[in-house]
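For clarity, chains are labelled A, B, C and D in written order, and residue numbers in each chain start from 1.
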Amino acid sequence: MAKTIITVAPTGAWPSKKDNPAIPLTPREIADDVYECWQAGAAVAHLHMRDAEGRGSMDKGRFIETVGLIRERCDIVLNLTTSGDLNATDETRMAHLVAIKPELASYDAGTMNWMHKTLFVNHPEFLEKLGRTMIENGVKPEIEVFDSGMLYNAIYYIKQGVIKAPAHFQFVLGAPGGMAATVDNLVFLKNLLPAEATWSALGIGASHLPILYAALAMGGHVRVGLEDNVFYSKGRLAKSNAELVSRTVRIIQEIGEVATPADARAILKVPARV
Amino acid sequence: MAKTIITVAPTGAWPSKKDNPAIPLTPREIADDVYECWQAGAAVAHLHMRDAEGRGSMDKGRFIETVGLIRERCDIVLNLTTSGDLNATDETRMAHLVAIKPELASYDAGTMNWMHKTLFVNHPEFLEKLGRTMIENGVKPEIEVFDSGMLYNAIYYIKQGVIKAPAHFQFVLGAPGGMAATVDNLVFLKNLLPAEATWSALGIGASHLPILYAALAMGGHVRVGLEDNVFYSKGRLAKSNAELVSRTVRIIQEIGEVATPADARAILKVPARV
Amino acid sequence: MAKTIITVAPTGAWPSKKDNPAIPLTPREIADDVYECWQAGAAVAHLHMRDAEGRGSMDKGRFIETVGLIRERCDIVLNLTTSGDLNATDETRMAHLVAIKPELASYDAGTMNWMHKTLFVNHPEFLEKLGRTMIENGVKPEIEVFDSGMLYNAIYYIKQGVIKAPAHFQFVLGAPGGMAATVDNLVFLKNLLPAEATWSALGIGASHLPILYAALAMGGHVRVGLEDNVFYSKGRLAKSNAELVSRTVRIIQEIGEVATPADARAILKVPARV
Amino acid sequence: MAKTIITVAPTGAWPSKKDNPAIPLTPREIADDVYECWQAGAAVAHLHMRDAEGRGSMDKGRFIETVGLIRERCDIVLNLTTSGDLNATDETRMAHLVAIKPELASYDAGTMNWMHKTLFVNHPEFLEKLGRTMIENGVKPEIEVFDSGMLYNAIYYIKQGVIKAPAHFQFVLGAPGGMAATVDNLVFLKNLLPAEATWSALGIGASHLPILYAALAMGGHVRVGLEDNVFYSKGRLAKSNAELVSRTVRIIQEIGEVATPADARAILKVPARV
């Protein structure tokens, strides 16, 4: 059994303190939370920012502040969202990557209806610009796949040189508008991957643990955190992101080994930053 | 072996006379072509209109004119597009349904990147309006599924009462931005269908015949026509839509029976119109 | 998350004290081991006997002795093998069921090459006799499926009334001659199950944990024990069957709840014995 | 679309003149039938012999006589059964291969229950002997796969050098005791094939045409003939093997090209014999 990377997604764009009071929102809260998750065993932090009212924000300054606070204290691999605000411009979705040059950033490889209410737009022109910007700045895409078309799009962009191989994928299952969170679907997507790809998976909400167990069974990496799932178990809120990370560490240790940030950098073939 | 419905899609929104001179563009050309396809064995006609310059158009008058010419001569089941122009408004995408009340109309159950160049938008608000308009006007949706999320969306709308069961699906495989045209993928989608659904499939371009053969093997219905595929075989343009229909009739007759328009109405549970 | 049944298979027909000194072989050793596993959280015990030389045996007396020792001390559900010796007769494969009337007994629903060396024979005549004997004695079959043909055979026998529905299946993956132990294969088999069936799974050897995690992800029950896998982790022998059970309890408790023997009887619809 | 090999299986071990009077049984009948099928478009003939009472037979003399009559008249590729009589010895199952050295012979890569009545035994020892005999005599195995374990066995024997790569597989779907004849199952098996393998498929009985269409959709080769299916369509017996071959030629020609015997030798990498 190879080492398994735990990515923590502590904040996301949507959940509020009403959903779970443990969600970190300010740069300081997020940095403290990430540090605690790193202590618990997370190797990668997938970060979203919020504005003063708690709404998803692509504010570059907040990313810089938060990353600065994290880098002071630990070597966790940074994975910054590029989709933190459905109303952001193409430019504000990328500006923080140029400024910070994180190891990883999310790359949502297509467009979809979102939660039966609105659109999650990732226009082909944006995807080309984002890919080239990431190559120029040494940022590796974490290709988020909500449905199979996104995986096929990514394969197309790899062939076009817009994304460099070996690519890294995050299967995000269970978002209304995308593919449901079933083990069948996870197997289906995994079988479509390019040969050298690495991959991780997450199930949103109640499917969180089944997808986590299935990903481990199939040799994948995993993502946990309040962005995806505010509950620890049915009817019981998670006390913190670190609580979710700690459980994941225990689950992985029964079957294999938890990757350190240094392991994760080697597995993902991204250079050390710290 | 049950009876198989052949839908012909003679025009579409994209191919031009340069791609294949046999593509019918004017109401008169389309009506003549559909009549010829009906004689050849097509039971359903999926219609797009073009404007005077040959661009995809949702012009209600053209739909009315074309349908009038077709109904004078044959009982083919009418299936009108609601996605004939990427720049159309929600209203012009539906107005012809209210005016004509065809048996079927396409219902593209989600949004996607289109051909790595633009967006194919079907906003949740539009999908709700379209579904309710179709119910009010006695039009059955042919739910077009380019990727699995669209199938999951449709299941959601069925539960919401926005689409009536039993639903009818068209799997459109091989559009860049959606799911690739493989037998594996067709099997995968078919296994996600609601219990009482009927379904048809098509592969775009070179995958046309493999998907057609696989759909027949799996008990599905099929769609052919210059909208999806301008070639008859590698390097040889189709002479007409009817040539494609005639081949499909031969292929079906070796394994089963071709549905008449009356058979199709019974299978799809839509009332007779003629 | 429903409750998960842990079946322990402490002995099997093959492994010896050389493979792992912790394997229980005599009635007393097996009974003590099963008691320890019951304390650790196992709800079902799948039992094989060995003769004085440690070879697999269908000796009825040994089954009676062992079961007697177990029943004195705990309410674990009994699942007796019917395939404990490749050279046994049809009669000796069934005699202990008549004598003991355990809740469950294995039902290997077909014939296969075994380990590229010999045959594992379950002749259709035997399968009919075994099924009828089990019905007459109130023993529920645990249908062991090493390959898809065995599942199809079982469906046939259910239709024939040779096996009563709802049936219970054990997917045994990774035996050379049968289906390999992959998550793809487990998903494939699960999708072929009859509607009301319950199921469990195990992977032989190194695939033990991946199949266990996948089964939990898919809502299945699990089997562990030295019969299937003598190692705790790569290069480290299991100290005991109870060690394997305890690990499984921990893994289940992170995602759900461990079934008690009473829970197992309710889930499997077998009557209480104690 | 590559060229498709049609294998005809005119006789088999089971059907009688009562099932279909067109079944050829004597060497002369079989040779005449094969010649007619070759004229119709078959590239490979899979041959079984019958004794004077019409029972399946491995009589070497009959194989020699039949093959002699065929080779006088046409260059069809010869594929001789090694499983023509469930009571044959290992020796009589192979003796004709040594005498005739056909291009191909069937290799049933495992053991299974047969039709819920008896066993179809292919003991590991036999499979090793058969493989080595085939290599020594320049006979290429057509690996018959009735269930996934047989495919896994074949992969094992390829690794052991008992079967030479690139291997050729025949998926035999729908035999009671093996895998059912569904497109899902065909896709499943195809996805387990070694990288360079070639493959063909057949569905027994009513599933004949669906599996044929699905195999063509997936780029496989096909087998037809009264051995597998005595009906032309529901309730109508086939008039001859050649009638089945002719239909298959028509079906293939709508999607691709029928392989000649010379094409088949090139595709299967067997040397020319005539």
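Everything that follows uses one rule, which is that contacts are C-beta pairs under 8 Å (C-beta built on N, C-alpha and C of every residue); 3 or more make two chains touch, one makes a residue touch a chain.
Note that this is a predicted model, so its numbers are computed, not measured.
Distance from the centre of chain D peaks at A, each centre being the average of the chain's Cα atoms. Here the spacing of chain A and chain D, counted between their Cα centres, is 51 Å. Centroids of chain A and chain B (each the mean of its C-alpha atoms) stand 38 Å apart. Residues of chain D found to touch two or more other chains are 184, 191. Pairs of chains meeting the touch criterion: A-B, A-C, B-D, C-D. Contact residues on chain D toward chain C in their complex (touch as defined above): 110-114, 116-119, 121-124, 127, 146-149, 152-153, 156, 176-180, 184-185, 188, 191. Partner chain D is touched in their complex by these residues of chain B: 1, 183-184, 187, 191, 209-214, 216-219, 234, 247, 250-251, 254-255.
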